[in-house]
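Here come two complexes built around chain A, the first alongside chain B, the second alongside chain C.
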Partner chain A sequence: MIHGSPRSPILALPEIFRVTVRQLLGRRRTLLLLLLAALPLLLALVFRLFDRIDVQRYSNSVFDGVLIAIVLPLTAVLFGTGAFGAELDEGTALYLLAKPLPRWAVVLSKAMAAAALTLLLTVGSILAGALVEVIPAGEMGVRATEAYVGATVVGALCYVAVFVAVSMFTRRALVIGIGYTLIWEGLLSSLLPGIANLSIRQYALGAGDWFVQLGREPARLPPETSFLLSVVVVVVALVLATWRLMRFELPGGTD
Partner chain B sequence: MTTAPAQAPAIELVNAARWYGNVVAVNDITFSLGPGITGLLGPNGAGKTTLLHMLAGFLAPSAGTVRVLGLNPSRDPSVYRRIGLVPERESVYGFLTGFEYVRFNARLQGMRDADAASRVAIERVGLQDAAHRAIGTYSKGMRQRAKVAGALVHDPQVLLLDEPFNGMDPRQRLAMMDLLGEMAAAGRTILFSSHILEEVERIGTEILVIVAGRLAASGDFRAIRALMTDRPHMITIRSSDDRRLAVTLMSDPAVFAVTLHDSELAVQTAHLSAFRRIIATASRTAGVRLTEVSPADESLESVFDYLVHR
Partner chain C sequence: MSADNRVAANSPAGSIYDLGYRHYEGKRRGHWFAAWSLYVDSLRGIWGFGRPMSAKAAPFILAGLYALPAVVVLAFSSTISKSIATGETNPLDLPNYANYFGGIGTFIVLFLVAQAPEVVCRDQRYQVLPLYFTRAMGRFDYAMARLLSLVTALFLVLMVPMIALFIGDILMSADAFKAIGNELPKALPTIPSNLLIAASMASIALALSSYSPRRAYAAVGLLAYFLLVEFVPLVIYGIGHEAGAKWVDYLPLITPNTGLSRANDWFFGAPIPSDFSSSVGAGAYVLAGFVSTLLFTGILVWRYRRIAA
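This part shows the complex of A and B:
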């Protein structure tokens, strides 16, 4: 029944990517994320309704205050924890793991699927808002858009990698992710500037500053530090996730 | 001149054990299996699933060794190229069609012509008519067949199936049993678990009986079945005069023991079928009216328990 000699299973990784994307899109919470991602566009339309094109004000309040602070982490946490967490909860992970695939490749394709959807939603959200309220302002608007897209890409990759890894260690990854976003990044990092080195949001804002200074003041981390820390976070998270998957065991029981 | 080395068993456990804290799920089990079908029989909670998960590499043994095709399945994913696994949990990707699911398995196995292999596997489990419907719309039996198709699409050397007949109707069961029989005849090693004696009886020539994590019996099914049949049976009787009936029954050599309780008699006999005649004669002789005669220990658990403690 073998049809031809087997080829490298790594070539089949797009299959995991495709199935993960379909799996994530099929969940009800994705609809909620779509509505959330539409917020910048709606707010841009409200700004235009009052006939005001104010790049700085719109960017700070909507891109920074809503998109980078809420929509991006929430989207990445939901997709990141769902990419593997759902399979572990539902028991379908067995079909994936009972295959002759290197574990790093499984982790990578799952993380890429979650990152692709996060980027699609969040970058799409920025571009939609920017087309209405930011880009019409001219070169300054284009550069601000580039900066927020850059910040979003860096943030999305970091959040997804971290929360794919967290979901491999605990079934409470979603709660931890939301807690991290709201308490650590939303509250503590504004009260304790010293913890910027441990805040993905600060990496994102720092990376955005590489294109153009986003806020009235420079971000807490310089762009170079932000990029470096982002790479470290992504690599460490994916290595930890792979390590965990290599030691994957089914939950205990007596049957 | 050299002699060819003896063929290594496809599945080999040596003093394998698995525990969770203080709970021992699998306790010091040793066996080896070659090509053919073996039924893993035991009551619910006996440790069958734990044992299959150990063989599938999803639980490392706490002690002892587990080898499948000479490899440690919990450390070497390459073994999955030659293993097919059908887990007990019903969950399958409900948004995929049956065909997509089987092809997903084929592609992850690195098969060159995954489409053709998937069509063959779908056909082997008789799922052609529903192949392009989402699995979420399948009945339990159809899901089981889709899972089996996904597990055998790469023509594995070893097939591990956990309660594979769950949810299948009698016709589907027979077809699945035939399929497993064909694979065994083609030299594959098939280990399937069940808590239903009749399922194992139909296809498993060799069986492993596992009770409370321990291997209670192993070998030819008929020999073990005979042990199960010849064991002492406990029968509960209610009558108009239990004491007089007890005296009469005690004189029959087929009766091992009689215990008189407040409102019933507990009788032990080795010959269940003969006992029906014995009790009828005894009640007439004693002039006693029978109100209830029922076997007290016909559950599978009690049969297994006997095998462990004999």
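This part shows the complex of A and C:
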């Protein structure tokens, strides 16, 4: 390896991915996230305990109210800001950036690791809940599951991309992420409906409506707009993150 | 080294190894004074006094947002009372002393998410706890001083809109002194009810925050707790109630916001809303508030007994 022709830097991508996944998982907060992700399953069991198969009510209160509104943003903000933020905090980013790798590849593999873990937790959580409570309801249940899996995938990708980018610009990314979720998407967007165009939660719900629209009040954005806006958000966030990382000064370069 | 210093070396204050520095001869004020100083310092810290402007933004903005509806209500009810001249009853079910917290308690949660980690997390992150515990102040004193300062700060936030409503209602009537006599009995329960809210919410927030040295992660944990413990029991209660199960009637007792809103109903003698089971009275919610306060205070004290310092 030492004397041979240099390997393509792209081959380092899976390695960064693997390392990032290990960094993100080996923390106490991962336990908390697992607990959160288990909630839909637990609530589904409670619904069954009362002999209820009520797709609309379960998916509105649990999938929408708990998973997409609370668990998804929290998971994405922890993984998204942790993917690069932890390395910046601890100073190990130096070793990563000193390698002859294109910076976009670093950003991409970090973001992919965070997104993969977020998707694993949230989509797994939805599927577990759906298997118990929603899918047994038949055709309607399958459609509902598809809708919420679709919504979660779109939401997870957008949240993670945005939070990875924010964590490159500021050390307070976690606080900003919480504030955004709580104040912007939680409080303001119910007061000012126009905010929907700038709310990842609404992109996710809009994307879910593409599959089936379940009794809940319709998402504020049509599915096509949601898809378009979410692609724009992901691309812009990743480009900004790369741009920022390309201008990243290694500490101790001048003195 | 002179002969004086060798004499000093035999004194009880420094009998092991005395470099000859001057000893403290002032008054020693003991652990109560130390705890009081920490209390005052934490209270100032929560509001950002003695810190840069950016630290004052979150507490004041959130406290202001919590008080905002009271001001709006005053504007509304003054025009309404002028036009209808009923005065006695609120025609529009506007926020009043009893239902104010239940209406916009979200801001109280936000205030705690922003400020509770501020109180306890940094001491662990920068490992200064040993500096506290080697002084007159014990671990119990530390925990209680921090907790009481957060309770005080939260009580202030809760009372500002109450006082605004009180003053507004008095000034709206022609005879101010008679209005005070009418209004005071209605307003007085705000003090015990808001004390319970402050003690209960602050003890939850501080006990959870004390488990993380990083403020941001403590904030995430608090947020998850307040949102999920609010929401999940109510979902289970909703379906269980329809299915006719009895045990779910007790679930709303553990929710922070809803439970304390029902406790408010007890203080003001208001009826429990019809979507809550009548088998659990308003008094039970007050009891639940006390139990939760004790439980989380216990967790906080236990945490500081065990923490490595």
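By our rule, the second predicted complex is superposed on the first by the 245 of 255 C-alpha atoms of A that agree within 3 Å, B and C clash if a C-alpha of one lies under 4 Å from a C-alpha of the other, contacts with A are read in each partner's own complex, and residues count from 1 in each chain.
Convention: contacts are C-beta pairs under 8 Å (C-beta built on N, C-alpha and C of every residue); 3 or more make two chains touch, one makes a residue touch a chain.
Values in this document were obtained by computation on a predicted structure and should not be read as measured data.
**Q** State whether A:Leu74 touches chain B only (first), chain C only (second), both chains, or neither.
**A** Touch partner of A:Leu74: chain C, not chain B.
**Q** In the superposed model, which partner reaches more residues of chain A, chain B or chain C?
**A** Looking at chain B versus chain C, the one contacting more residues of chain A is B.
**Q** Quick check on the superposed pair: does A:Arg29 touch chain B, chain C, both, or neither? Answer first, second, both or neither.
**A** A:Arg29 contacts chain C only, not chain B.
**Q** Tell me which partner A:Gly91 touches in the superposition: chain B (first), chain C (second), both or neither.
**A** First partner only, chain B.
**Q** Answer with first, second, both or neither: which of chain B and chain C does A:Ile183 touch in the superposed model?
**A** After superposing on A, A:Ile183 lies in contact with chain C but is clear of chain B.
**Q** Thinking of the overlay built on chain A, is A:Ala12 touched by chain B (first), by chain C (second), by both, or by neither?
**A** Once the two structures are laid over each other on A, A:Ala12 reaches chain B alone.
**Q** Once the structures are superposed on A, label A:Gly194 by its partner contacts, choosing first (chain B), second (chain C), both or neither.
**A** Touch status of A:Gly194: no partner.
**Q** Is A:Gly65 contacted by the first partner chain B, the second partner chain C, both or neither?
**A** A:Gly65 sits against chain C, while chain B stays out of touch.
**Q** Once bound in the complex, which stretches of chain A touch chain B?
**A** Within the complex, chain A touches chain B at residues 1-9, 11-12, 15-16, 19, 22-23, 26, 90-92, 94-103, 248-250, 252-255.
**Q** For the complex, which residues does chain A have touching chain C?
**A** Contacts found on chain A: 29, 32, 36, 39, 43, 46-47, 50-52, 54, 57, 61-62, 65-66, 70, 74, 77-78, 172, 174-175, 178, 182-183, 186-187.
**Q** Which stretch or stretches of chain C touch chain A in the complex?
**A** These residues of chain C touch chain A: 106, 110, 113, 215-217, 219-221, 223-224, 227-228, 231-232, 235-236, 238-240, 242-243, 245.
**Q** For chain B, which residues count as touching chain A in their complex?
**A** 20, 23, 25, 44-50, 53, 56-60, 77-81, 83, 85, 87, 89, 91-93, 95-96, 104-105, 107-114, 116-117, 120-121, 150, 152-155, 213
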